[in-house]
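Next up, some structures in structure tokens.
What follows is subunit A paired twice: with subunit B in the first complex and subunit C in the second.
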Partner chain A sequence: MGLEYVKISPGFEKYMPRDYVDLVTFGQFGKQVDVMQLGQFKELVEEHPMCAGCYMAYFIRVFYAALPNPEDTIVLGTAGCARLALSQAAVPFIYGNYGDTNAVASGLKRALSIRFPDKVKDVVVIAGDGGLMDIGFGMTMHSWFRREKFTTIMVDNEVYGNTGGQESGMSPKGIQLKMAPKGKQFDKINAVELAQTAGCVYVARISPTNPKRIAKVIRRAILAAREFGPTFIHAYTSCNIEYSIPTREVLADARAREKKDFKFYEWMTDEVKEYLEEIERKEKEKAKQEVQK
Partner chain B sequence: MDKEKLITPGPSGYMPTPGAFMGVELPPPGKALLYGEIVDEETAMREAAKAMLTRRNPTIFPGPLVLWGWNAGAMEKAKAVLELAMEIPNCRIIPMPDYRPKYPKIDPEAEINPNHPNLTILHNKIEACIFVGVHCHYANLSLRMIRAGTNCFTIALCAEMGHEDAMVSLRDVHAEEIRKFKDVLVQVRKELGIEWEPKLPPENPSLPKEDWTKISPLDFGEYAALLMPRKGEVVEESE
Partner chain C sequence: MPEQRVVEPEHLILEAPRERKFITGSQAFAEAVKRANVDIAIAYPITPQSETMHLVGDLFAQGYVKDYYRAEEEYGAMSAIAGAVRGGARAFSATSGPGLLRGLEAIVSWPGHRIPVVLGIMTRVVNAPLSIQPDNVEIAYLLHSGLVVLHAENQQDVFDFTLAGFPISEKVDVYLPVVVATEGFFVTHAKGYVELPPEDMKLPPRDPYKAPVPPTDCEIPPARIQRDAPVQKSNFMSYLIHAVWQQEVWSANRRAMKWIYHYLGGPIEVVNPKADVFIVASGCAAAQGREAQRYAEQEGLNVGLIKVKSLRPFPEKEIREALKNAKAVIVPEHNIVGWLAKEVKAVIPNSGIVVDGPRVYGGMTLPVELIMEEIYKALGIKRERTYA
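Moving on, here comes the complex of A and B:
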């Protein structure tokens, strides 16, 4: 990876499919795009087979636009709906076995830092609530205990969406699902608190109602993971199939949940805070200078 | 058994035994594979050249290792591939820029995907092809699939040790070796009496993206009724 990997060999420009020429010419490699400009540049992920109106798919679209260095990023996913779109993106993707994403990511991140000591390579796990908090729970927690330097993003639809509606540890108490007809007997796991206790240096909980905020959180989590340790984002990404939310009410649902149990929450260690503030201050200055030019 | 012709153009049927299981061994340095047997490089090159010159719709499938200019070696190799393409009459170049699955489907005239290479090969009726710059694990996967489902003669110009499932497999192939193969090809072309002025293959015909705003339900023919809601119908539930 690296920018040199997204440069077409001289002479081959006219033999490449148009999609790739567009990615190189109008894509986001080598530049920082603003998520508010989605639709005005060639995106890293476009067509995908997730359900029409799926909020998880929207979150993934914003995720790719928010990557600080897409050309130096590897995304890890696993069984579950998210991988349907993740595997279509123009960013290297590794499919971990169900549950072992964070173990694979640990090895990968360490290998990359040995193989490319002078380069920053970002490793990001995106997996479902079942993948991270149920079946992959042990490996998720241990990657945090070991302070592995990568980002974990949980796209929480509060159900096993991909396999037709089993309850997960993240489903709310009392909820009746297709394959949990008696209603869930236990409380929703407090993932954010677990992450904080287990050693994550940056933790956020978000209901994706504001694209700018999603992008900011993702960027912060990735930047902090480079230097300090594990980072975690818990995102509410409703499943309009299993929870029967009509597509046009998906955003209203996200807003309602934001007022209830998905209030925006962000926590980081002091050193992370200092580090991010410094970066963001410099960026602001640079932007100001550019405007003046 | 006729060991010489262990690996021949297919279709050899769904899930054929891999070359390696049939006893095909990778060639030592300086040697090559022809139909699964270890032979001199020159012999293999001549047979590969003959296939590219005489079979229908010869095509080169360059992979990411030559398409992307990630180092000087890759760019030089890319140049050599173009020089080779120029010498093959009516040759085409169909790239494999990466290995990701494509939704909903690839455009078989614009690219080839290792997960279903037969779409491109059958659509374009390709009967001879060259793999170059494709990472070995994906070349292995594709070459066996092509042998299973098509009558395409496969040639692997491998930068590593070669591929058991290709009809011709050369090893340690970089820019210099590609140029050597080109010289052999030009020689064989002359011997066969084929006249050809070197020229570059046609450009990629990638179609403009479909304009969804112009699609009408009527485009869906008898299925249109499934798409158009009945009068007054409001779909509330997604189940």
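Moving on, here comes the complex of A and C:
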């Protein structure tokens, strides 16, 4: 929002909702927060109606804390669980039609580039396995082929959670779900390999067991998309309801999957690597100088 | 390309000197886009539309349009259009028949999303068995979605409606997509005379902040753009929010009428207002109706024509007034369902005077003789068939 649009005009603080004043005073606009400080600053998303123990809700909370430029970020989502939280954040959110995220994001990013050629405006899609790999598959792939400069994050709960637990292309083979009464007949789609083949310049697969690492991956994906092209993160965000994972065991489940088929994986082009290393080196130096001060 | 200077829409559309050119309907679409200060155009091939978006692609290559690409398919194209318009850009696309239906989920959500844009539609058969000819049944799918729908009779209408479509769609009290439909091939691939304003003039750029719904560009307060989707509140809230929002969409659609008067001289054109028998028609059927009216006049028959330019908002009052003394109404159409006849019947108190047809479909031409036959029947004139 350009920082100037977020800030409250002097004298109006007492007329603004407390919630908003807190957001501007104790929130993350205009600064980079440490994801390990979650709970100690006013977060961009607080309330949400997602299920108790939902790991996707946790991932989204970390996602917002990791944004490099929240005041100039637009998030897009589609039907599914994620948008229940995304639509409540203090970051503009577009909810279009079924599976249209990567087409809408293509048009949006291009419009912003025409209108604000000298400003950084980050566009990020967060959608589920159904939205990106089933109904929106063509649009996801073609936004990558066209090398559109935005980030796509797939929050993969391996099921259509919001519509009541139907099989998706990302459900594991053999699993019995609604609309798969005899068990799923084919393998989980290899989204990471598709993304690499289709032209993404940064690709990561992650099971969210380590918040620092989630934040780093999200930040890298967004920074790389600004300069070079499409970036993709495949995140395992279990559905504890449809997969009957006891709330207390969602983290253990994420760890188990990390050992099995969600081993941390990160790939980027050489130019992205060079670019990110340069940024991260400078940040480290700056942090060191501040500590010395 | 020549240096283009920005002029007010009123000047470009209503006052600027015009020069007569002999061009196709596809060229007429492109000539309008050339003068419309379009930021982005998104294309996907389908016959008979493709030529229009080829020409718009040439405009991009020449620098008239700032961005252009060939999309993955129509749902992707129309969704990307929505994204670009939400981002504050002025956008244009065009499609035909099956392409329109493929993009329909996105297109019919534009009014609710308040997406001001112009979409060209070059009609084509949509139902099996396959044909690429200009049946216009697809227009029926657009009438109940909140879109402003204009139907062009000829190449001149295509140019005028498309150019005026941009300011109409972007008016704060409208802010809806404008569809400019015309018959594929009959208009798009045939040449006609078109009076064009100079090409070194263009519309002012879109101002996305002059809007009832702000753009999503992070350039406006407040931070919390959307707190909850209505469906998350409760069923009651979602009914209510959807209901009032759609009421506003349809009110906005009706408010487009005054701008249709302003830029296009009104939603209907009446020839021989004191007639006993009227032909009511839109698009190419209006061109054939115009010929039939001329034939009838030569034969000394008191026949009139009402050409319907705007299908949404539908000119209910205007048609009721124009038909108040009519004894019979003939509605020739290029489709099997007769959507225009149904519309006309619904707005007059004596719908029994409406003749259902003549209709041709599958994209056939509409011979003037078919209309004449209905005129003779309506006037009680017995005739031998004069055509093979």
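Convention: the second predicted complex is superposed on the first by the 291 of 293 C-alpha atoms of A that agree within 3 Å, B and C clash if a C-alpha of one lies under 4 Å from a C-alpha of the other, contacts with A are read in each partner's own complex, and residues count from 1 in each chain.
Convention: contacts are C-beta pairs under 8 Å (C-beta built on N, C-alpha and C of every residue); 3 or more make two chains touch, one makes a residue touch a chain.
The shown structure was predicted, so the numbers you read here are calculated from the model rather than taken from an experiment.
Once the two complexes are overlaid on the shared chain, A:106 sits against subunit C while remaining clear of subunit B. Shared-chain residue A:258: touches no atom of subunit B or subunit C. Of the two partner chains placed around the shared chain by superposition, subunit B and subunit C are both touched by A:90.
In the superposed model, A:129 lies in contact with neither subunit B nor subunit C.
Applying the stated contact rule after C-alpha superposition, one finds that A:247 touches subunit B and leaves subunit C untouched. In the superposition on chain A, A:15 contacts subunit B only, with no contact to subunit C. Contacts of A:156 after superposition: neither subunit B nor subunit C is touched. Once the two complexes are laid over each other on the shared chain, residue contacts for A:115 go to subunit C alone; subunit B is not touched.
Applying the stated contact rule after C-alpha superposition, one finds that A:5 touches each of subunit B and subunit C. With both complexes placed on chain A, subunit A has more residues touched by C than by the other of subunit B and subunit C.
Common to the subunit B and subunit C contact sets on subunit A are residues 2, 5-6, 20, 49, 87-88, 90, 93. Within the complex, the subunit C residues that touch subunit A are 39-40, 42, 66-67, 69, 71-73, 75-77, 79-89, 91, 105-106, 109, 113, 216-229, 232. Within the complex, the subunit A residues that touch subunit C are 1-2, 5-6, 20, 23-24, 29, 49, 71-74, 76, 83-84, 87-88, 90-98, 100, 103-116, 121, 138-139, 141-142, 146.
Of all the residues in subunit A, the ones that touch subunit B in their complex are 2, 4-12, 14-20, 47-49, 51, 53, 87-90, 93, 240-241, 244-247.
Chain contact summary for the complex, subunit B toward subunit A: residues 62, 66-71, 74-75, 78-79, 82, 93, 95, 97-98, 100-104, 107, 110-111, 201, 203-204, 206-209, 235-239.
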